[in-house]
Structures are given as C-alpha cells and as structure tokens.
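What follows is a pair of complexes built around chain A, which joins chain B in one and chain C in the other.
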Partner chain A sequence: MADSIFRKLRDGGEEGELAPALTIEETVASPFALDVSCYLLANLSSSILAGKSKSEGLVLVTFSRSPSFYLQFLKQKGIFVSSSSKWIRVLDCYTDPLGWIDQPSPGVITEGSSLIKLHKCVSDLKRLFSSIIEAGREMVGDGKTRFSVAIDSVNELLRHSSMPLVSGLLTDLRSHAQVSSLFWSLNTDLHQEKVTNALEYISTMKANLEPFCPSSDGKRNALENLFLVHQDFGKGRFHIRFKLRKGRVRVMSEEYHVDQTGINFSPISSVETIIAATKSLIPKVHFNLQLSEKERVEKEKVVLPFEHQDHGKSTEIYDGRRTLADGKTEATPLSSGELQADVVSSGKGGEIIYFRDSDDEHPDSDEDPDDDLDI
Partner chain B sequence: MAAPNVRTSSFSRNISVVSSSPQIPGLKCGPNGTTFISTGIRDLDRILGGGYPLGSLVMVMEDPEAPHHMDLLRTFMSQGLVNNQPLLYASPSKDPRGFLGTLPNPGSSKEDKPTAPDLDQGESLRIAWQYRKYMENQKSSIDDYSNDFDMRKPLERQFLAGRPIDCVSLLDSSDLSVAEDHCATFLSKFPRLCIISFLFDGHLLLFKLVNSSNIASIGRIAIQSFCSPLCEYSDKESEMLSFIRLLKSMLMVSNAVAIVTFPPSMLSPSSSTRLQHMADTLLSIKAIPDGDKELEKLLTGYKDINGFLNVHKVARINTQVPVILEAKTFSMSLKKRRFLALECLNQAPVDGSSGTSYGTSGSCSGSSKSGALDF
Partner chain C sequence: MDRSVNLLDLALGLDEPSPLRGKVVLIEDCVETSGSFVLHQMMKRVLSPHSSDSLIFLAFARPFSHYDRVLRKLGCNLSTQKTNNRLVFVDMLMMKCSDNESGVAKLFREIQGTVGKLRSVTNSNITVMVDDMSLLEIAATNSNSDHVLDFLHYCHTLTSESNCSLVTLNHEDIYSSMERPAYLLQMVCLADIVIKAEPLASGLANDVHGQLTVVNKGMISSKSGKGSSRNKLQNFQFRIKENGIEYFYPGCSRN
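Let's turn to the complex of A and B:
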C-alpha cells in the first residue's frame, strides 16, 4: 500500500540505524514515478506541517523538474510555501547542473526563491552531499532534530557520476545521524540491470510500477496492442517490497490510476489473481490431480460393472459369455484366449469390459464361496 | 622429511603419515586426507560432511533483501576466535573493526540439558558394546571442534583481546591491491606444502611436494559483500575475478579457509557464473516473503523461519566422487531465539523437474511466488 510506504518514510528509522530509503522504479511503459514522488511529497509535507512526522524538515533535490514545478504542485494540494517557510528547502540541480551559466537570469523571480539554492557542479558528489546536509541543518539546526531528503531522479546523477560514487552518496545520506528518511526515483529502462540492482541493494523499500498489459518488447506488429496500451496507459499495478528486520520480505500490491489530479491507489480488484493463487497451492506433480469439466461429465456417464447399481434395476453387463436369457449377439465374439481382466477403455462413453473370473460362477453370486463347505 | 641419503636406489617412497587425531583443537580429520574446520553452525557442519576443508574457498551468494550471510560470517569468525585461529576480515565499511562487536558468544553449557545418561551410570546399566559409542557421541555436546553460538550475546573479551585479527576496509581502495597484499601476507603464515628436492644420481633434480604433517596453525579469512556497489572496483569485473583466482591459488597451498560473500545481482551474469564456478563450496541465501499465506500452508514452522539456505556445491578435495545431498534447501531459524538452526524443509511435493541452476536463487527481482521454492 502506498500509505504504508508513506508511513515508513514519515516515521523514519531508529537511532543508530541507517535511515529507511525508498527506490521508486518506473519504466517507459509506466512513467509515473514523478506522480508517486509528488504523492509522497504532498503527504510528507502535510505531516511535517501537522507535526506528526519524526522529521521536521524536507530537503528536495530536483534534477528532472524545476523547483517551481514542485512549489506549484504543493500549492495545488493546499500547501503554501513562502519565503519564510522553515520546513522545506530545495536544491536546484535542474537549472544549471554543470555550471554553464555565469549569471542568473534577472527575469526569474519565483515564490519562495530564497528557499531555492542553485547547485552547480553536479558531478562533485561530495559537494552535493555537504550542500544537502547544510540545507537540512539550516532548517532544523545542528542538534538531534532530523529531516527527510527527497531526490527527484537518480538517472541524472548517474549520468554525471559513476555507480559507486552515487551509491556512496546515498549510503552516506542514509548513515547521517540527522537524516530520518530518504527516497528517490529511477527509470530502469535507461540503465543496465546492474545499476537497478545496486540501487535496490542499498534501499530498504522498493516500489515499482507495472502497466496492465505487458509492453510490446519491440514487436509492434498488432495494432490492437497499441490500442490497448493507449487505453490502459494511466493504469497499472504498484508493487512494493519491504525489507524487514528479521530478514523477511513483505510484498504488497495495489492498483494505481493516474489522472489530472495525480495518482490514486486502490486495492487489487481482479479475480484472476485469486484463481492464480489457489492454482499454485496445488503441488505441481507429473500427473493430473484435477478433472476438467469434460472429464467430469464423462466420468458420470461411465457404467460401473456392478450388478446392483443404485438406480433400482439390475444392470446387464456383458460378461464375456452369452447368458441364457440373452439371445442377442451385440458384442463381437471374443477369443477364448482372452485373459480375464478388467479393461477400462478410454473410448467415447467410457466402456468397461468385464470378464468374469470363471464360467461356473452364477450371475450375482454374492454368497460366501465357503458356504458349501460342511465342516 | 626424507633427507637425501646415499642409497642403492635413489627412488624412495615417502608415505605421508596421517595422524588419526590432529594435534590442535578445532580440527577434524576428514576423508581423503583432508582436514576440516568447523563452520560455527553445528547443523551446517553436519550437512557439509564435517565442516569446511582446509584449503577450500567458500562462496556465499547473498540476497540483497536478507542479511543472513552476516550470520554465517559471524559464526565462522567467532568459531575461529574461540579456537584461537588467526583471522583476516575485509568488508566495504569504513570501520570493519566495528563488526567484531557483533560476533556471537558460544552458548553456555549450563543450559544444555544432558540428553543421555552419564557414562558412569552406563556402567551399571550393562549397555551392549556397540551402543557405547553412540552414548559417547551424544554426551559430547560440548567439544573443542565446534560450538553452538548464542546470537544474542556478544563475544567475550577474552576471545577478542590479544588475538591476531586483521581488519581491512575495501571501501577506499580503488583497486584490489590492498586486499591482495593483506591476503598474501596473512596466508604466508600457514603454509601447507613444502617442496623437497633430492638428487638422482647427481644428475636430475626431483622435486616433491610433501604435506607438512604438522599443521602449525590455521587461518580464517572472511570477506564480506565482495562486489558491493559501494566499492570503487565494483565495475571492474575482470579485476575482481582475478583477485578471487589469486585467493584460491594461495589457499590451495595454505592451511586456511576463506569465506567470501557476494551479491550475484551486482555482477553481469557471466561474471557471476564464473565466480560461482571458482568456489569449492557454494551456498546461497534466499529471503522468505512475510505474511505469505501459501507458504504458510506449504511449510511447517513458517513463522519461525527467517530465510532459506541453499547448498549448491560441497567441496571435495583429493577425490572425484561428488557429494550428493539428500536435500539442498534448508530453512534458517533461531532456536530459543538464540541458536542458529538449519532444518530440512517439510513441505508438500513440488515439481521434481525444476532443476537448480546456481544463479536462479540469487535473483532479487520481485518474481512470482513459485520462484521462492526453486530447488
């Protein structure tokens, strides 16, 4: 549940432990990590303002969107950020990450611009780390109060630095005493699997967005496939994996739905998952434990070779020899060398061919064969 | 050793004498002239047929979602310290010495209930001769080869103080030369094979490698999270492979055992497979999903299980006969919340055709639930 992630981030970690960290993974088919981050941002901000959170401030490091986008978004959600807000700081790595612009453009005056610090030189991660900590300390002071950190997108960080340095930065942030929680988003299609795995390695929670219909894998042949993709574009499944302390993993899933106002989460509604769950309970063996519908109907139809069936009349069962009462020659004559065996044929209607054990046996001889012994 | 004497035939056979009971505690003689040291976990010793053989390389594939490889390392290191065996520990943290504080203490003997009556009582009981040896085995729950470690209690100072423990941090080195130097100097203290040369009629020199029959001391090397993304060398896969190759070659001529844990998802599949092939004993850890109703039905004792341990390869030295284990997957749990126990899984029959390949159980992706029981 997205709520549980938010609660984990809000509550932060315990003293002496590394801060909980969340990776939000998106793909090209479901590029909604931004919506998820905004959702978490809004919730975290409101809880910080309400005083319900362990952290007292939030440092937002923006790489893929400008700070004004976020401030606008927060305003939409009813959270007003002014220059005197003491609970949020924004580190702007979007406008000028590599330090190409010498002078800031004069026309840009945004609300709360004193909160926004321009950060150039993104490739120097040590400086980035110290700027984040500095921004945090500006808000909460030097003591034991803690703040949360949100990194817009790690893809840009990875563009400018190598993987070990980026993981070093994130782990340093996690181990800093004043950081209570941390989250970042990542588009997994832009990097090798190793990179995604490495980021999952250092995080304690992993959320990923999966579209309903699987991506076309490059085979764009069916037009209907495109139509389905278009129809279901804003919807999909949201999977979360939590690493618990004992070494267990909690897996949760939800459905998400993106619209104008943002992202909404709802519990999984489809019936298919329930069936899939029960199917996997049955042990997978080489023989078939279940009967299909057709097989069940066939099974009902089979006439068993008992002379007394439940339906009140005695059944005539062909028993390999012609009885006196029976003058018909319905079945094909069998050779006398036929073994006495029960044969279940698998033909239509399920015939059972029954051969009596001996010719002397009268039909319906339920008597004890030892009865004729005179002892 | 055989000294070059004047003989009629210059060819002398050197029969190495294998002592039935080794001189130092903490060693056990195994088949084919190997000597075992304890893993630190009694159940694992039993599963592996005695312990880790000297001169072998043990590799443990981590699961990024579960910290149980640390327990394997901890018991290994504690066992070494209790048996007074020098230790080399390398990890990608800034202060590896801190890890020594988390090592467990051997469980106290007072808590062990005697499962068999004392031998003195046995005298009066007139036990048949062949059962005496079972009585003796049962009695020695406390012996000098292996200990049951209480994971909650930290290791006593007497085992830590004054012991030769070398800690190396893998973080700051950009390549593995520091680690290589430490390993080389450490292993040079435990040579196993000495070279004897003698003359053959004054013309040829014959070299003979002879097992030193006196094992002076044993060393233990523990390397944690070898391919961690925090290390700078983590993208130089060929360097990592050559380091392990070097370590393995040094181990073959030393009286030492090295245990290396690594997360296989941090490497490319080919490098991961190559590392797995280099191991003499290959284990892997798998996290268990929490709150999984299906698994709860399939496994008994689900609530106590912390994770799974898979044994992929067991070291066989000096023989071509492989070890075929009855079961390859074990559940890790804490007995009485203190003692690590490995148990065979009690579960419903599963598809026997799902073969184990080394790498599949190391995956950390959120795969379907049936993937958790891939054995």
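Let's turn to the complex of A and C:
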C-alpha cells in the first residue's frame, strides 16, 4: 500500500490539475517520517532513472538532514549520484539556514557545486520558491518537461515562517505547470492541530505513522507516549488517506517496522497485536496488576459476603427493630453526608423520626460487620 | 572497572565501536531526580585513558572546580585532561554573551572553530556537552527558545559534518506545558538518544535512587545486519554510590 503513494507521485497529475501532494505525518512516539521519505526518494529516483516516471528530475529540499545523508542513502540503495547527474538537484536548507556561518565549513560537499546549492535564508519563502523552480529548470529546461519536489520536513519552515506563508509556498509549488508531484513531512506533536489540518487541506494524500498503542490524551502527553511505547518502538500502523477527485476518500492501512535498512511495510496482522498493544498500557510497577487464568477462575468461585451475592432479592436482617420497609416513610432519600436529624412531629407528640446517614446503611451497621461473614 | 560495560553503556550502544559518533544525546531530568550523574559518567567515558576522544564542555551551571571534584572521585583528573588538550572547558559563568540572536550565533561559531582546531589534530570522536540548556537559554538568548532551537540545529549540523557527538542536559519540569508545549518536544525530536531520569513510581528509597529510561532512536545506517541499538527502549534503576553508579533491572540483584 505504501507502493500506491509512490505510484501516485510517480505518475503525477493530469493536465490542468494541481500536482498531487503528500503529507507524511509522524509523532514523537513514531518518529519515522524520515524513513518514509527515504523510501519514497529511493523509489522515485529509480523510476526517474529508468524513464518510467512522468517527471524527469527531482528537486530535494533538505531541512532536517544534510544533503550528504541522502546521497549516502541513495548510494546504499544502488543509486549513485555524481556531480554530472542531471536528474537530481539538492537545495541545502540544513547547513546554514540563518546565515550564521560566514564561510562553508570544510565538511560541506564542494564537489558538484551545481548539484547541491546552499540556501541561506529559510524565512524568505519567495526566494525559496524561486530557488526550487530554478533548480528544477536547470535539469529539465523551461518547456513542458516536469520535475518532482521533495521537502524532507516542513517543521523548520513552520518555525521560521507563519502557517499561511508556508501554505502559500506549497500551493504555489503545486500550481506550477512544471511540478509533477510534491511531498513533505511534518511532526504533528510539534504544531497545533490547525497547522496539521491546514496542510492536510492542501494535500491529496496523507500518510500517518501511529505507534501500536496510541494515547487519546493529545499533544501534552506526547512525551509520555514515547516512553510508554516500550518494546513496540519502531513498529506501528501506517495509514494512508487518498482524496479522490469526486470528493470520496479512500483509506488504507498496513503495518510498518523500522530497522537498520529503513522502513518495511506489511499487511495488518491479526488481533493479537492489539491485545499485545493493550497490555503495554499497564503502568510499570513492581507488583502484578493482572490476573492469570487460574487466578481468574478462583476469583469467580469465591462466595461474596451476602449483601453482594446478587440474588436479585433484597437482603433483610431482622434485628428486633422495625424493618427497613417500614422505616422508609414518604421522606425523600437524604444525601449520605447529612447529619442525622431528630425531628419532632407536630401533631402526634413525642415521635422521633430518625434519618440515617445513608440509605443503604444496614440497621445493624454499628455492630461488628465481620459477624456476617460465613467463613 | 573502566572496561566493564554497565546497563547504561549497553543502552547507549557503547559496546559497539564509536556508537555516539554523529549522534545527539538529550538527558532529561527533573527536580526529584537529577540527571547530572549521567553527564559525569559520559564525561568519564569520553576522557577514559582507553580512548583518544576529546571533549568540549560548555558549563553554564557550575564552575570547573565542581566537575573536577566529582570526576576525581570517579577516577578522572580533569586538570590533566585540560593540559593534554583532550578537554576544552568553556566556563560560561564567566563569559558574557549578548542576549540576542547574534550572541548565540557567535557562541556557535566559537564552538565550530574549536571543533575545527581539534579536528585538524585528531580523527577521534569529539563530544560537545552543554550543562545545561535552560541556563544557556537565559545566558545566551535572553529566554528566547527559538534561538535555543536554532543553536541546537546548528550543533546538529556539526554532528553530521564534523562527525561529533552532542550531549545536552535539560530539565523537563521547568517549562509550562501550556505556554510552550512544542519546545521540549522539538528537543526530543532532534535527539537520537533520549535518557530520562525520574524518581521511582513508589517514591524515595534508600537503596534505589531512581530510574533511567533510554530511547535509542538511531538512524538508517550502513551497518546493516549488525545487532545495533536502533529503536530500543530500555528502562532500569540506579543507585548513586560514593565512587560510581550501579545500574540494575527492577527486582534483580545489583551487578
């Protein structure tokens, strides 16, 4: 199913339509959007090189990792990028996004200077847009040939610019005639819900990574979620939501598992995973909170003290005084915290009406309650 | 004793060669349980006589004499390491940083320069440690968390370009979750390894001083097939002794 996202990005949009756009959403407890981006990057690159894609080039805009990280990753996947590669351009917004460094440090790749361009001012989104289009046109020319755009993360963009401006940049990219498809990633725990929603509005596909035991408590417990995940860290559910043209929505899900080589997808396994996931919600304490099967059976066999035996009939204890049924006159039931009140009835002279503290208190409650146990 | 590998070392992957190279480690602690001991343990590991690694230490919290005293008890002489150029101790208590973006940018450029100088004489791992982030925020940015995050981002570029490690300590309970929920999360997201020091759920105890949870996120690596510590989450308890720390799983005898 992750393949289906890749195919949609590879095939691009139709003439006259905005380019398909994908948001990859991760959380603090499932921080694997980078792995998904790398997966898509590798697949898109292979299809571009094989001539099977609608786009003939790829512009990679890096914010959260260095360009060399991605080039190294592609090399591991058998895709070699050299300074003469005409199908990829990298816009480096990672190394010096705010212009703090006067000169490039010795570690920065200097080979293939047209391959990797340093972008120093990430808060100027107009300039960023022009740089992306310029990089794309360097590869495919000014005509009708198209290129794809991959932005590794919009978290940094959203830190330096407002949501409407970022939204504007992404929409401008989608609207450009030469952009064939576009994807970006976002950590939903770092931003308000309105930001996530706004980005979902401008995408045609949304993929989100969810750990096996998600919390329903919201963002404030994102840190706690991370520590609760325990042995399931690195695994979870991958949900994809496609927005079809006519307005229908198609949702698909599968499981993901992350290891040294990257992210792997598999169909959803049986219910056992849900049970295993629920078990990990038990807090970590040094005593056993759960019952074993044997303990459960034994528990069910225990005969409870008779007021909880649940026969269906009310229990009455004769104690020599009037019964409960007689004691309850038209007086309305009192709340349990009320003090007993001695009320002298006006008409009869000398009658004491006693209101007990709680309605269900037994008449013999002042005696030793253990006397009732039938052990 | 130095060569023995304890639970914290295993959780950090210190049984593999150069495990922290290029990685960002975040130590989170709280009022009830200080995480400084983790920082001291890592200092001791970096400056161990069995390695040739270097350490750049940005001290915002305490003066050199404090760390010297603590590390001496752990068997490490910081003065000697300073003389050998294995330790660059930057006493930020003495330095005055201007409190705007240019101040923290200047601080970064100084660190970058120091890393460059060390890199020219050694190929071993260089670790940059910050004690601690909340005081850096006050001293260097006039409580502007955006500038702190920018600083951390640039330090992250150092880890990937100069192959250094970055270790920071932050207090998780001094930020109101209503005002800046994302600030702490940003730091957690940036880190490859998060070590959380917290008290036991059952409260104070004489023989167990707290628990550590280590999340090792790792990254896609070229070391395929190796039993690496990617995506591991481990929890164990600790006891602070006079000359070291003991780590053990709950309910197990200490080793």
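The definition used in the following text is that the second predicted complex is superposed on the first by the 247 of 375 C-alpha atoms of A that agree within 3 Å, B and C clash if a C-alpha of one lies under 4 Å from a C-alpha of the other, contacts with A are read in each partner's own complex, and residues count from 1 in each chain.
The working rule: a residue touches a chain if its C-beta (ideal position, glycine included) is under 8 Å from a C-beta of that chain, and two chains touch if they have at least 3 such contacts.
Worth saying up front: this structure is predicted, and the values here are computed from it rather than measured.
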Per-residue touch tally on chain A - higher for chain B or for chain C: C
Partner chain(s) touched by A:38 [first = chain B, second = chain C, both, neither]: second
Which superposed partner A:144 touches (first chain B, second chain C, both, neither): neither
Partner chain(s) touched by A:156 [first = chain B, second = chain C, both, neither]: second
Contacts of A:301 with chain B and chain C, given as first, second, both or neither: neither
First, second, both or neither for A:73, with chain B first and chain C second: second
Residues of chain A contacting chain B in one complex and chain C in the other: 283-286
Contacting residues of chain B [partner chain A, same complex]: 64-68, 228-232, 234-235, 263, 265-268, 287-294, 297-298, 306-307, 348-353, 364, 366, 368-370
Residue ranges of chain C in contact with chain A within the complex: 101, 105, 108-109, 112, 116, 146, 149-150, 153-154, 157, 160-162, 172, 177, 181-182, 184-186, 188-189, 194, 196, 201-202, 213, 215, 217-226, 228, 230-233, 235, 250-251
Touch list for chain A against partner chain B, complex: 162-164, 167-168, 171, 193-194, 197-198, 200-202, 206, 208, 239, 241, 243-244, 246-251, 277, 280-281, 283-286
In the complex with chain C, residue positions of chain A that touch it: 28, 31, 34-35, 38, 65-66, 68-69, 72-73, 76, 94-98, 100-102, 105-108, 155-156, 159, 187, 189-191, 219-220, 222-223, 226-227, 229-231, 233-234, 258-262, 283-286
